[in-house]
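First subunit A sits with subunit B, and in the next complex the same chain sits with subunit C.
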Partner chain A sequence: MRDTKLDFLKELANIGTGHATTALSQMLSGRLFQLVVPDAQMLPFDKAADYVGGSEQVIVGIFVVVSGDVRGHMAFLLPLDSALVLVRLLTGDDSGEVHELARSALQELGNIMITSYLNALAKMTDLLMAPSVPGVAVDMAGAVWQSVLAGAEVANEVTVIRTEFFADGESIEGHILFLPDDDDFGKIAHSLGLEEM
Partner chain B sequence: MTEVFVNMGQISSFKTQGILTTVGLGSCVGVALYDDLAKVGVMGHIFLPQSREKDAGAPPGKYADTGIPAMIDEAIRLGARKSRLKAKLAGGANLFPNLSANSTSIGMKNIKAVTGHLEEHGIAIIGKDVAGGHGRKMRFFVDTGVVTVTAIGKEAMEI
Partner chain C sequence: MAKTVLITDDTAFMRMTLRNVIEKNGYSVVGEAGDGEEAIALYKELTPDMVTMDITMPKMDGISAIKEIMKVDPQAKIIVCSAMGQKPMVIEALSAGAKDFLVKPFDAERVVESLRKIGS
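On to the complex of A and B.
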């Protein structure tokens, strides 16, 4: 049952991230992205912190709260180097720092990707999943991820669905993480005609 | 000196010497309890302010209301005297200020809860670097009671 649930979540992640990277590709004049096979896990709380590694490395984290029929939290995390490449491609700023303009460009980019991801799932399931305005942080990976977990008020276990992607030719990689509230997972399964999981 | 990393929800301790470290403090609050005479140090890494029924099996250190008493018990077990305990705090930041106001953020709730429970037990807070919008790393040197806090792009500071 658990494995079925996780396989199902992986499939959702594939579809969601496929749409998200297509949106990103359109913003970057057709640059192609490859997806890494998604990972879906039900992590016990004491393993959750280490799920995103390199806790002292600087990353850019974009975080939204999902509301509607399916509630949860989403995060788009990317290493600082990748974020700077994206900022250069989007704005022409190659200063190597995350200035205010860069921050809003990343916020908008995160917004478009997360919205595309959720729209794909919403269309498939006919359930409403609406993202909040995104928050952006440039900080230690551990602090960003921990704040996401606290925002989700994780109890003894957290369902995390992660997709990684990278670009051909430029060093861009990132993770999209979806933390659906456990209570609402059944709704997704039900809407797709699957048995109660 | 031995260095132990204190993960979210954990409580770790040393007597005489050792370094207790917590990395990636965002909205979490790192708490250092110290008895300088007995040279006993306990560190906690508090995740949320208040324990919940739906998370009944959680380690006590995950929540401020259960974590502070558990830390005091641990200090006493190692030979500390409660009346000599002093506390230092770091963390409780709000990394996504456009999602929640600083005054109602999880970080601020954690700071208030930890501070309240320490006060209830008569433990003075003698150093802190809390709130704001950035993550922190906290290291607690049990031989001296010194606590250092580092953040990206900032000088390390002693609290």
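On to the complex of A and C.
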């Protein structure tokens, strides 16, 4: 059961992340490439923060609440270093700090990635998945997790998708988190003709 | 005289990106709105020839803003620029009165093409 669910999530992750990466690459005028096939992991809540960089490491999180036929939470998390590379490519700002315009660029980038991912799943399942206005947090991973998951139905485990990109000679690491509410996870599986999971 | 455009998007980065594209192509950006409410107020004040409209925004979303602007001016020319390209949303925006729907990320040519088509 758990393996089937994980396989299914990996497949969704492949498709969603593929679309999200294409979108991100377009934003960066084709200067970005996906390096590795996305890897999905189901982790206990307390281990998940470590997996994205250790709860003490500073990360950037862009997060939304999903509503519509499928409800849940979604986020794009990346280490500060990676976020700063993207900011430089998008705005030309290489101050190494997250100023107001950098924050706004990261918000838009996260929004486009998350929404492209959801658009791909929505097309496959014919279910509406509408993201909220994204929140942005720049903080230690532990604190960002709290913001991302505020109000989420997290029972025991969360699914984290790790991706690695390559842009302008630098490697960029990112994590995509998609947390459909339990009832609605079944809806996605069902609409794709899979038995209840 | 250059056609005038009002930009609506909740992120300053996207407003800046759109402004660059629009101004480089001979249009005049007369205002920038950060949410639907601001878009309606600025539309009344500036009466622009065209409006770019994001969908997911705080305070008032783009769909509600399109409906309100169309009430004020049934001839309004509104182009949606949103990442949210799912079918029900596109249909809702177009039936509310939007003339075109661009899914982010878009390339500059697509924006210009839409401005030319809608503005003529």
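The rule is simple: the second predicted complex is superposed on the first by the 161 of 197 C-alpha atoms of A that agree within 3 Å, B and C clash if a C-alpha of one lies under 4 Å from a C-alpha of the other, contacts with A are read in each partner's own complex, and residues count from 1 in each chain.
Everything that follows uses one rule, which is that contacts are C-beta pairs under 8 Å (C-beta built on N, C-alpha and C of every residue); 3 or more make two chains touch, one makes a residue touch a chain.
All figures in this text were calculated on a predicted structure; none of them were measured in a lab.
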For this session: For A:15, select first, second, both or neither according to whether it touches subunit B, subunit C, the two together, or no partner.
Result: neither
For this session: Check whether A:192 is in contact with subunit B, with subunit C, with both or with neither, and answer first, second, both or neither.
Result: neither
Exercise. In the superposed arrangement, does subunit B or subunit C reach more residues of subunit A?
Worked result: B
For this session: Have a look at where A:90 lands relative to subunit B and subunit C in the superposition and call it first, second, both or neither.
Result: second
For this session: Could you say whether A:133 touches subunit B, subunit C, both of them, or neither, answering first, second, both or neither?
Result: both
For this session: Name the contact category of A:143: first (subunit B only), second (subunit C only), both, or neither.
Result: first
Exercise. Touching A:56 in the superposition: subunit B (first), subunit C (second), both, neither?
Worked result: first
For this session: Have a look at where A:124 lands relative to subunit B and subunit C in the superposition and call it first, second, both or neither.
Result: neither
Exercise. Where on subunit A do subunit B and subunit C both make contact?
Worked result: 132-133
Exercise. For the complex, which residues does subunit B have touching subunit A?
Worked result: 7-10, 23-28, 47-48, 52, 54-55, 57-59, 62, 93, 95-99, 106-107, 133-137, 151-152
Problem set entry | Of subunit C, residues touching subunit A in the complex | 10-14, 16, 56-58, 83-89, 103-105, 107
Seminar exercise, completed: So, in the complex, the side of subunit A touching subunit C is made of residues 23-24, 26-27, 90-91, 100-101, 104-105, 107-108, 111-112, 115-116, 118-119, 122-123, 128-133
Problem set entry | Complex contact set, residues of subunit A against subunit B | 45-46, 48-50, 55-56, 58, 61, 63-65, 132-133, 135-147, 149-151, 153-156
